[in-house]
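Next, two complexes with chain A in common: one pairs it with chain B, the other with chain C.
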Partner chain A sequence: MTETPKAIAKDRAPLSGGGLRLIGYYWRRLTRNRLAVFGLAFIIFLALVAIIGPFFTPDPTEVDFEAKNLPPVGFTITHSTYDIKTDQFITTRVSGNWKHPLGTDRKGRDMLAMIVSGARVSLQVGLLATGIAIIIGTIIGVMSAYLGGWVDNALMRFTDVMMTFPFFLLLVLIVFIFGPSLAFIVLAIGLTGWTGTARMVRSESLSLRTREFVMAAKALGAGDGWVVFRHLIPNVISLIIVIATLSIPGVILAEAALSFIGLGDPTVPSWGIILEEGQHSLTTAWWVAVEPGIMLFLTVLAFNFLGDGLRDAFDPKSSV
Partner chain B sequence: METGNIDAIVLRVNELRTYFFTRRGVIKAVDGVSFELRRGECLCLVGESGCGKTVTALSILRLFDSPPGRIVGGTVCYNSTDLTTCSPQQLRRIRGKEIALILQEAQSALNPVLTIGDQIIEQMRLHLPMDTNEARAKAVRLLREMGIPSAEDVLGYYPHQLSGGMKQRVLVAISLSCDPRVLIADEPTTAVDVTIKAQILDMFRELKEKRQMSIIFITHDLGVVAEIGDRAVIMYGGKDVETAPIPDIINFPKHPYTMGLLECLPDVAKEVERLNSIPGMPPDPSYLPSGCAFHPRCPRALDICPRQEPPLVQLSKEHKVRCHLYG
Partner chain C sequence: MRKSWLRDYIIKRLLYSIVIAWGILTITFILVRVGPSSPADKYLANLAAKGHDPAQVIAAIEARYGLDKPILQQYGEYMLNLLQGNWGWSLSTSMPVMELIKRHWIYSFQLILLSSLFAAVLGILIGIYSAVRQYTKTDYAFTFLSFIGISIPNFWLGVMLILIFSVKLGIFKTYYDTTLPLFSLANLKALVLPVITLGTGMLAAYVRYTRSAMLENLRKPFVVTARAKGLPEHVVIGKHVFRNALLPLVTIIMFDLGSIVFGGAYLTEIVFGIPGLGQVSFNAIFANDYPVVVAITLIGTLVVLLVNLTTDIIYTYLDPRIRYD
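Let's look at the complex of A and B:
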């Protein structure tokens, strides 16, 4: 019962403070990965743009008749327009100006405003659909692992069946039936995208379930709900964070792809919609397609870097 | 045993049988174990690995995995409740509140993502009408009692920040947080070094004496038994082969298995080349030898041993043995 203060001092952890230490530990591991830091920085920047950007940019639906197909700042292009009075082609040189830093599209809409509002849409789609998928996947995975037996069997076979559906065709079908509304697209992606999560959460929970602390909790009178919410889910949170981060870009791309093939919601200017419109004027105004493309590329890359970094940071076996 | 109310029986296990029905056959992990636990005593369950000690402990609280495990016979009586048949709700109120179990692996019995404080406080709030502040104060008191200084700090620690001995104490503190009447400790001194072992034994002795706690202490170490036990149940092949007060076990062992175990203990006075061991292996519980499960290893086996299970022989009021030698 007695222990010398010296022995205790050795027992004590090097850190003192509140319950945030664990988060601090993972944060330090994450920030050692430069690409992950870049990803996180870009995502934060993008989130800020999406949240407060629309207050500073013009209305993306506002049309500037004076400046159609205006290139971005620093670029000059040659327009040839057909003049009906003289029956001649007139070539004019147009340079980008700071009124429309990223140029305008063929209707004269400000590209910067469209990109900013597109960021809002794409992030919303990514977060909402991933949120739905993660919640469903976690519930099914944990229930499957914890209840076991025929429940496990039934849920996992259901998951298998869901996995065999060609995901993208299913999306196309849903959009075809219910019409191209963004809410439906989000729901459809969320309701079909949980299968991988369910499997990973299940396998993780299966091993957690047999860990001593779960038995210990039961030995001390904990019920099933308690075990699941206090012991299983907190232990799979790191896995869930990684899955979520890595699946957001997939969702954003899926929405963009749907829009690109013309099944997107035409009332909401997502990056996919802008890209789709841009492809028709690639020869006259290449920037309309390239700008949302670059944004998609960077966003997907940033989420993937961050996700990889998180996975390494959470992995006790990796030495970051 | 020195206490006045010798006969106050807290927990009575009677002919308990827990079998596991697996694809490879029926494993009779516990096959007829009887003992009673009295108030303020330390009862030791002793035996080699795989003899059913842990499953006995888990069966008392019905904590084994089911399926495949099932209690196929016997009763566990606590306060006139039969724990083998009571409802899960009733059982949950008893677990932790009345009978607390400390699992074998102290290192992994704490949830790695919750702080020590979370784990103690929530345990209390699960069973007792307490608010967080009361529970916190009690948690600090308990940790101090367990010999953990700067207990307030420790509440904010995660399990990986504690040493093995500290974790063991925290586990005991969690187990005691709802003031249970019975504490079951499964090999609490295995896998800790000698110093910590001595501290843990001291702690259990103190619990027994100060709190009149009834303790079931599971171990394979007769040295530990001699130090803190009052009575012992020697188990072999899922059966209680000998039950007696510790002095009788040490000085007048009756069952050849008990004798064998005692011979395995090193003697400081004698210098030997190598330590004794009982020849052979502990039996596979899915394929127990016929008759007395110990007969293949028994130096004094009789003709009858492989053929017939030995009956329980009451040698004296406190001394019981299952062996044909005394039949």
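Let's look at the complex of A and C:
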């Protein structure tokens, strides 16, 4: 990428700590990455769909008996039904219509409505569980680095143990034992997914702890609380944002995978639950499995693009 | 000199792994004991419906499983039993859990082995190519594709492959047949779609790891030296850069086992009906077969622990520069 010297000078990091100017600087670096912009745009779109979508779509549990297995708009399929009077199979051609733009499933539920409410579930799970994991990870990481000694040792050995568990297998075990309610699934993901954050925050904090500005603060009589909240945490915040963005897709996928193997909350139509149902009707209604999967895929892709873009934007060494 | 610290280091790592294993077993014990449901639940409704006194049934089952003993004694017996290879009794299949695992682990192993080979060979080749041609159109294309490969939910990819190849095109309609030998042609054919399903995510990850490991080494001074000596480019890349990139690469790949591969294999087995441990655990969940679900999580975790330990030790042997003190 070629730039004029003026453009480079314009987005050099400001020397004084103007928070807004710093955010503006990172924003310009981020928006130069086209994939990250696509990711961000898709996430905003998805959030809007999840928040206001349910007001415009029918109730996802509502059943339309007249239109079972209706394909999406633009597709035509042949249904074959057995007629008991004539003892013959009757084939009828069915085309999608705008009453159900994404078609219906085998019970006659509107796919668009289910996808929209699934978006709500997936985003909620993604944000809440990641939030829990990040908070636990940050507390453990900072405590470990700052207190050192036996506390550091104990916390890091515990992290090692938790890290050895294969994430998904541990999740399956916990949800199997405690039962599949959505609140519990969120909690389980949050309580198991913090290990990576704890390690990274710890090593970052360790290197920060010996830096001059922290020593200066201590020399001036700053207490532990001040150093942690005023110096350590603000300096690991960019790292935390990147970890959070890159963890969300894993969390969303974990919930979908749990639902897919029957350990999801049966009362909530998440994408994983729709997909699980669609798997069994591949021969009659392929779109039921295709649509939630595409949404899952695009969501995960968007968060990965954004996370990668954020990492580059925050990294002073990378030339964005 | 080097030998003695290496031996000390290995002993230290071994002891440390034992501590971690103890932690893993303890956490699992706590989870099972804290959980709201117990092995008694499955039979309670059944027997109560036949007119048995529920309190008596609970007491009998608790006595059978030792749940009425003090918690510390239960913990001690649990540890002792696990160490002796007595992993409990599978109610739904009527055999010891160990026997069930012995019968089924090989199918998981086969799937993971073939997928890893597929992903590692292709991933490393593409990664090297991408790094050597950095910032060309092919590099961008591969980087973009690897993003897609990482983001595709693997169980959905499996369902889509079944939809396209089995349902629409009518090829690869075979199912895994346990009566045939492991590496029979029919079973290998049945594994084509599962290997692609499990391998795609791994492949994409390996492309990214290889590319960045290669790029890191490509800029080092010894590469300039090698080129200045007049060595042909394929020797520079293959011998000098790749050899140096390989070690960190192997570590990351091994590390992925617990985080990506095992979860992916679990789901892939369920989608394609491969009778490995994932499928066994899946069936046990529906049969509420407690000891099996617990045992399979434990086995997966202990394998990760063992692989991490082995990787660590091999690493120290292979790279003479490394010293852990």
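The criterion applied here is as follows: the second predicted complex is superposed on the first by the 301 of 320 C-alpha atoms of A that agree within 3 Å, B and C clash if a C-alpha of one lies under 4 Å from a C-alpha of the other, contacts with A are read in each partner's own complex, and residues count from 1 in each chain.
We adopt the following convention: a contact is a pair of C-beta atoms (placed from the backbone, for glycine too) under 8 Å apart; a residue touches a chain by one contact, two chains touch by 3 or more.
Values in this document were obtained by computation on a predicted structure and should not be read as measured data.
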| item | value |
| --- | --- |
| Contacts of A:T92 with chain B and chain C, given as first, second, both or neither | neither |
| Chain C versus chain B, contacts on chain A by residue | C |
| First (chain B), second (chain C), both or neither touched by A:H231 | first |
| Which superposed partner A:F168 touches (first chain B, second chain C, both, neither) | second |
| Partner chain(s) touched by A:L301 [first = chain B, second = chain C, both, neither] | second |
| Touched partner set for A:G223, first chain B, second chain C, both or neither | first |
| Chain A partner contacts - residues on chain C that touch it in the complex | 19-20, 23-24, 27-28, 31-32, 35-37, 144, 147-148, 150-153, 155-156, 159-160, 162-163, 167, 257-259, 262-263, 266-267, 270-271, 281-282, 285-286, 293-294, 296-297, 300-301, 304-305, 308 |
| Partner chain A, residues of chain B touching it in the complex | 61, 63, 67, 92-97, 100-101, 103-105, 108-115, 122-123, 126-127, 146-150, 153, 156-158, 161-163, 165-166, 171, 174-175, 178, 199, 202-203, 206 |
| Residue ranges of chain A in contact with chain B within the complex | 1-3, 5, 8, 10-13, 16-19, 21-22, 149, 211-213, 215-223, 226, 230-231, 234-235, 237 |
| Chain C-touching residues of chain A, taken from the complex the two chains share | 35, 157-158, 160-170, 172-174, 176-179, 249, 253, 256-257, 260-263, 275, 278-279, 282-283, 286, 289-290, 293, 296-297, 300-301, 304-305, 308 |
